[in-house]
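What follows is chain A paired twice: with chain B in the first complex and chain C in the second.
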Partner chain A sequence: MSATDTAPRAPVSTPAPSGRRDRYRRGPMRWLVLALLIAGAAVVLFPFAIILLNAFKSPTEYSNAGPLAFPTEIYVEGMIDFWNQVNFGRKLWNSFMIAGSVAVLGVVVSLFNAYALGIGRVKGRLSIVVLFLIANMLPHEALVYPLYWMANQVGLYNTQLAVIIIFTVIQSAFGTYLLASVFGTFPQELLEAAKLDGASKWQILWRVVFPISRPTLSVLFVFFFIWTWNEFFIPLIFLISNDRQTVPVALGVLEGERLMDATTTSAAALLGVIPAVIFFLIFQRTLARGITAGAVK
Partner chain B sequence: MSTLTKPPATRASGTGTPDRSSSRGYWLYLLPGGLLFAAVIILPFGMNLGLSFASWPGVGDIEWTGTENYVRLFGDETFWASFRNSVAMIIAMVVVPTAVGLLLASVLFDVIGKRFGGRTASTLRALYYLPQILPVAIAGIVMGWILRPQDGALNTLLEAVGLGDVTQNWLGDPGTALPSVMAIMVWVQIGYPVVIFMAALQRVDPELYEAAEIDGAGWFRRFRAITIPQIRPETFVVALTCTIAAMKVFGPVFVLTRGGPGDATNVPSYFAYQNFFERADVGYGAAISTILTLIIIVLSVIFIRFQAKSERKERGR
Partner chain C sequence: MHTPPRLISTRFAPIGLLAAGALVLAACGGDDGEQTGSGEADSFAGETLRLWHYEGDNSAMGIAWDEAIDIFEDETGATVEFEEKSFEQIRQTANMVLNTDEAPDIMEYNKGNASAGLLASQGLLTDISDAVEEYGWDEKLAPTVQTTARYDDNGVMGSGSWYGIPNYGEFVMVYYNEDLFAEHGIEIPETYDDLVAAMDEFVDAGVTPLAMSGAEYPAGQLFYELALTQADRQFVNDYQLYENPVDFSGPELRYGAETFSEWVEAGYIGDETAGLAAEDMGTSFIAGDYPMLYSGSWWYGRFVDEIESFDWSVSLFPGSDLHPGSSGNLWVVPTAAENEELAYEFIEITMRPEIQATLGNNGGVPVAAEPDDIDDDKSLELISLFEEAAESDGLAYYPDWPVPGFYDDLVGALQELINQNATPEEVLEQLQVAYDAGVEDITN
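Then we have the complex of A and B:
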């Protein structure tokens, strides 16, 4: 793809004059490797292309020409019908509202917890961090029924608030673990200086710790948002009214019940893919930074 | 804890008593998070554990039955099938993506990145990563659609290239349902190790490769002797997080097959869900999810110990 624009640079970066033969990197082999990798990428992309191809096809054209043919005309009625039928705008708003609330609350809770654990160094902090780490590994199935029962008891069943509370806690378990270890190396001079200036703990948190750790917090925010957006199991159980469901739950339930015809399913899948791709494009940089930061920890 | 072992000269412990009294004040910041944690994680987990020793349809009285649920589980063919399918999920979500991801990342970094430029390498990386950004339920819808039996894209494609005999009801046939779900999970999962391993390779000292090259080591030797050992920490992280994800897999099974046909694609989390919410056999569902939790914790401990051991060996060298 972009191989041609970078080709002129190649000779500059190869000063190694050694007579070693490296057929993978020098000879025609490298073109074969590139071709194989592009073929692999094409296989990975094939489903996306097919979905895109068929989302704008009329049902008659689909049944005549099949899923591989290019549409002769752009047919958007199917998608519009589906959008109105499931009230997709509402689902988008629900997902956005739940994921956004969880991201904000999860970051705040993580920040508070990590402030006490990483900077306050409260007693027994190691066991507390381990506890948060274990919580992060627990399968949601081991929590879901009691949570479902409790939500019923306090009247929170089938409310988005229940989902927001649950995910705030689950996401902040990871956030606390990550932030506490980041705060363990927080520059002590800054804290000491603020203390000497007579700053209270509350002021130190918001005027020293918060601004300095903002890059890490923004990574957490993006992660929490996307993870919560993508969640399926707990929202599936807690949100049963149509007007409260999230995008993955609404589409997952429709697909699971096999109620949609081919082109509608394709349109629906595309509608589920689009927000994810938009988030990816917006958050790409933060995500790349975060994924690698998470891995080294 | 660790403050005790610090030499007295360090700043943190320099203030003595006032520091201690101020350390108490920090507990307040743990309070909201701690209370929420107790209500949403600890209490429900304890209740679930308790319910695994009971028979309860979700309403009315709880009847305590001791270990009956567990005894029943060990004789339940579906239970064993679900865990056999978990092993299949581990192959599809851990073993294959880690192995293929290592190779892809290494080739992207080493061959593509150096010969065709970083832009080409990162573009390809982004393409491989694309399925990872989808909500897993949406990924299930996309692939379920491709695998539709009569007019699906895969079967149409196979017919178009003259392989009409191979066409299948991919997700509806007991013989192909599990391999199909596995293939889908490989597709979903592959981008994650590629991204992590490519980032890890940037950490590796290029002089190692240069020295090996001068010594005449070919690409594959360098891959085996340098790449694999150097990025072992990341490999552990990928293997552990993906194993946990594989044990928990639910969304794709719900969307694609509902565990069927028969129990061909049933997994522990879906089996627990069925007992909780479809059969109102809450105690039994609680027992399944407790066993699942136990296995995840044991696997994590084994992984972490294995990692610690190999790190010690590395240092001892």
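Then we have the complex of A and C:
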């Protein structure tokens, strides 16, 4: 473990002499870790390889040669058909809009809640946090009928707003739980110093707490975005009109009652996963920084 | 289109709803159009039929219904607002959507007690008996096909009012890889004894004769078909329509389980198939790995497209007059529909010979086609088999239909038989308990 600890801290920059000595001393261990990492990466990448392999294969070839064979020709018709059939550009935009709104709103709500619970120290905060955690762990199947009924009563059924509200609540339940515990260890000296300078509660939140916890908030933002992006069940129930649906729901069109279209499903899965991967790559640095910054210095 | 314009994003979605409401109001004018009958041009001009189905756009149904939409728009002057849904979404959400003003005017829905029957008993589907009489649809449908279109107050199929109209049928049959038969010098079987003899010869030659999937519906359908070889129509009515109690240790189902088990022991069915999905079974037949496949007409179009390396043919399961099969899914008219008359008009068009012929020529099984209109030989082979089964009252529905959740019981029971973990008696006992409990719930 110690070998991996040092690795990300000192990237390529200057291989100090001491570091070199370390490498010689821990030689065999390093190779073992490398081998394990490669094996782990192979396991993680295997499903992607299968998708990639079948996304460019014609249905006939898939049926005749099986899912593991290499395609003899690149077949993109399935992908193009699917794109047009479900108006995929529109679905991408819907997903992006819903996941983006949820990520922003979820982070804001989590921040407010956690400020009250972690720093404000309201009474009974432990039970409130536990309540949030339980709410977060409830299976969506149990929630869906009451949610449907309420949405229908207020005229929000079949609107993206309903999905955004639901996920903002669900995600911020987790965010509140996490942030409240992080804020529980927030350095009191900073808060007291701000108070002495005459800062109001609002100012403390925006001038002190927010800037310091920004890395953690960015991590929450990225998580919320990706989690919401991948959600299937609630959007399936709430977004009835095709032009309001999200990417995962659109992929469902390909699975019939008794037959499935494996190659087009692969092609569509590839289209669906690319945006999430791009998003992850863009924010990957924030993520890495955020995880170590989770504990406030 | 009641779709809100792009600029109105979620924040203003309620406005979209208002707009939809306004359109709905506008569409209400359609109710005046009652009694206009069929064929009157432009009597519905300016109105909208909201239509949902979940068949792929290159499937037989998808192609035929596209054509029907064109004819419908031409003849009535109304516009069709069609949305292709996913099977999963309709299955999960139908009972919720149909309770709201988002409900379409007409939609495809699964037949059977647990699907259309349930919605009908909840009052979510329109009783279309009057339209059936007016348009004469009952005369176009064979009696065994009608069963799944009618439901009583408890949602049990077979009697009561009409709640839907099927356009196509489906049934389960045997597919033969003729090249493999020829290669081993074996005749395509015509009787049950031939079938067993042929499978013995394949086993002797080191070939597993029957493609199978234990993890999904195929094993249950074979078990049911084996039981049906010993059964008469009354058994089917008892099993499916609860006319009399069913004894799983009686001659029919016991024969089914014991024979299935014998077939596994004899090597007709590979014991590695317990965990295979139906898709694996189908692709292994397409790849030419197995001489025989026992499964449904839903594979037919795909086999026509994808089997390249050998000749194949089909027949009904030899030695039985009854076969798993039924009408296809139904056109249903939700109670919340705004425009029933338009919906009936559309159903009428889908029942016309030319649409039925399109369905048949693209690998589907039409319920009301003229055989002369079918010009594709391969399609004709399929359709004549279906007519043979339907006209002799031979469609016996599916084994998992009578009881909600029975599908999983069947899959589990037959996996135990394939793995030889349980005796047929034990398996039948398990099934009896699950079946009785489910029937008890439904009939009381």
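Note that in this section the second predicted complex is superposed on the first by the 193 of 297 C-alpha atoms of A that agree within 3 Å, B and C clash if a C-alpha of one lies under 4 Å from a C-alpha of the other, contacts with A are read in each partner's own complex, and residues count from 1 in each chain.
Note that a contact is a pair of C-beta atoms (placed from the backbone, for glycine too) under 8 Å apart; a residue touches a chain by one contact, two chains touch by 3 or more.
This structure is a prediction, so every number in the text was calculated from the model and none was measured.
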item: Partner chain(s) touched by A:237 [first = chain B, second = chain C, both, neither]; value: both
item: Touched partner set for A:214, first chain B, second chain C, both or neither; value: neither
item: Touching partner for A:97 - first (chain B), second (chain C), both, neither; value: second
item: Chain B versus chain C as contact partner of A:265, first or second or both or neither; value: first
item: First, second, both or neither for A:34, with chain B first and chain C second; value: first
item: Touched partner set for A:63, first chain B, second chain C, both or neither; value: both
item: Contacts of A:255 with chain B and chain C, given as first, second, both or neither; value: both
item: Contacts of A:155 with chain B and chain C, given as first, second, both or neither; value: second
item: Which of chain B and chain C A:273 touches, first, second, both or neither; value: first
item: Which partner, chain B or chain C, touches more chain A residues; value: B
item: Set intersection of chain A contacts, chain C complex versus chain B complex; value: 62-63, 66, 145, 148, 233, 236-237, 249, 252, 255-256, 262
item: Partner chain B, residues of chain A touching it in the complex; value: 1-3, 5-7, 9-10, 13, 16, 18, 20, 22, 24-25, 30, 33-34, 37-38, 40-41, 44-48, 50-51, 54, 62-63, 66-68, 109-110, 112-113, 115-117, 119-126, 128, 132, 134-135, 137-150, 165-166, 168-170, 172-173, 176, 188-189, 192, 201, 205, 226, 229-233, 236-237, 247-249, 251-252, 255-256, 262, 265-266, 268-269, 272-273, 276-277, 279-280, 284, 288, 291-292, 295-296
item: Interface residues, chain C side, partner chain A - complex; value: 3, 9-11, 13-14, 16-17, 54-57, 83-89, 92-93, 96-97, 99-100, 102, 110, 217, 278-279, 282-283, 286-288, 296, 298-299, 302, 305-306, 308-309
item: Partner chain A, residues of chain B touching it in the complex; value: 1, 3, 11-12, 22-23, 25-30, 32-34, 36-37, 39-41, 43-45, 47-48, 51, 58, 104, 107-108, 110-112, 114-117, 119-120, 123-124, 126-128, 130-131, 133-138, 140-146, 148, 151-153, 156-157, 160, 187, 190-192, 195-196, 199-200, 210, 213-214, 216, 218-219, 233-234, 237-238, 244, 247-248, 250-251, 254-255, 258, 268-269, 272-273, 276-277, 282, 285-286, 288-290, 292-293, 296-297, 300
item: Chain C partner contacts - residues on chain A that touch it in the complex; value: 59-60, 62-66, 85-86, 97-98, 101, 145, 148, 152, 155-161, 164, 233, 236-237, 240-243, 249, 252-262
